[in-house]
Amino acid sequence: MIIVMGVPGAGKSTVLSVAAEAGWSVLNYGDLMMEIAKGEGIADRDQLRKQPAEVQKKIQKKVGERLAKEKKRELILDTHCSISTPGGYLPGLPFALLERLHVERLVYITAKPEEIMKRRAKDPTRSRNDQDLERLIEHDLINRAYLAAYSALTGAPAKIIINADGQVERTQAEFRALLA
Amino acid sequence: MIIVMGVPGAGKSTVLSVAAEAGWSVLNYGDLMMEIAKGEGIADRDQLRKQPAEVQKKIQKKVGERLAKEKKRELILDTHCSISTPGGYLPGLPFALLERLHVERLVYITAKPEEIMKRRAKDPTRSRNDQDLERLIEHDLINRAYLAAYSALTGAPAKIIINADGQVERTQAEFRALLA
Amino acid sequence: MIIVMGVPGAGKSTVLSVAAEAGWSVLNYGDLMMEIAKGEGIADRDQLRKQPAEVQKKIQKKVGERLAKEKKRELILDTHCSISTPGGYLPGLPFALLERLHVERLVYITAKPEEIMKRRAKDPTRSRNDQDLERLIEHDLINRAYLAAYSALTGAPAKIIINADGQVERTQAEFRALLA
């Protein structure tokens, strides 16, 4: 399994579009959480977010079990390195989850913070958890530290792809090379 | 348990004063170490610091056992992300300790390095392990990496609070919100 | 065991020459890998690099077993914090390996990125995986995050030695102090 992560505005979906073309399946971690949450009577993402930590951990555990059983090859897990919340950065791959997965590679999509801020400003439908440039720089920095911790735990290589403005094809080519 | 960390001069005590007002108990990790060390015939912090690594680890283990048994709710552990020593950065929460604790949240108090240096210069009673600005920047950076590792291990959110000059009330309000 | 790491051009060999003088044994991780690989019919480093991940992991495991059994005192392991490969940063000390070792201290040798780039330019025999300054800065940054993760796992102090241009003796003295 290849795990692809990135902050909003880094261009993760641009990169993931390549995966589908190359015949890889993409599972979105948030969708998996919601699928299992619905079985527990939770209606939507907003309600899921408001659940106590124990309920969230229980659902995370079930997602982990589901992913651990996944036999499909050429599988990409689309998730976050960490999520910026008012209570702090939530790890996207806590060790309890990560230890259950067979990780071949970790990929973190990012870009110059100034470029990410501009992209976000153009897309008002997105929530903006990192409200200013300083917080975004902080988030990108701690994401790289989470990335190293995930890589140290699993032994999987950590690839950082810089998705610079106007370089979409280069970014996509760099990602495609990882699927070969 | 909420774990609060910060380099000297970041303003940790200013933040922790809020905890007491809000009815939370604050345990200082260094005090706990010393309490147990005294039972082993070690007189003071200076003597504790000079103990061989095995003795220090043994005492750390006992502190971990004590903290793991702690049943009190609304408990804050006051410690360091890492301690700057001549031999390198010592992790405040080695995994062997952290795995024993029930961590709800990790909080790292910091500030602009230049502001921290100025605060330290005004307080000559404090030891200054990071003697120049470059070393302090290095320490703050690696602290954020330790923070991410602790968060990845426990699954607990990592909150970074920037305690800017002249913004004490804002800092305290940000911390108070985490206790609600 | 003391583990010494550094990016190419940081000056690791300059530092390690001190170790030999002080009577410490230095084991090179890459050499150990190659030694065991030869027993598996792998001819050279190039061939080793091209082996599938499972084969590499199997060899790594054997190196770990060998190192875990190493009874020699005053032993230095010479390795990388992470290796920059086209597929991403490969952790030099994945937790599965690190958990087997008795680590007393972690040392990371580095320098200003601009200085490292200049040193590399003067030494054309070396491979240059971080081809430009931005990538080198990225590599040095993630190395510090790996370092913190290794330190958090083992509880061992993480020492960062800045090997500045023209300061070889200072660097060596700083390292010598760690061996005392």
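In order of appearance the chains are A, B and C, and numbering begins at 1 in each one.
Just so it is clear, contacts are C-beta pairs under 8 Å (C-beta built on N, C-alpha and C of every residue); 3 or more make two chains touch, one makes a residue touch a chain.
Only a predicted model underlies this, so the values are computations on that prediction, with no experimental measurement involved.
**Q** Quickly list, by label, the chains bordering both chain A and chain B.
**A** In this structure, the chains that contact chain B and also chain A are C.
**Q** Same residues or different residues: which describes how chain A and chain C meet, taking over half shared numbers as same?
**A** different
**Q** Where the CA atoms of chain A average out and where those of chain C average out, how many Å apart are those spots?
**A** Distance between chain centres, rounded to whole Å: 29 Å.
**Q** Which parts of chain B, given as residue numbers and ranges, touch two or more other chains?
**A** Residues 141, 145, 148-149, 153 of chain B each touch two or more of the other chains.
**Q** Help me check something: in the complex, which residues belonging to chain A touch chain C?
**A** 104-107, 141, 144-145, 147-149, 151-155, 157-160, 177-178
**Q** Contact residues on chain C for chain A in the complex?
**A** Counting only chain C, the residues touching chain A are 53, 57, 60, 82, 85-91, 93-98, 138, 141-142, 145-146, 148-150, 153.
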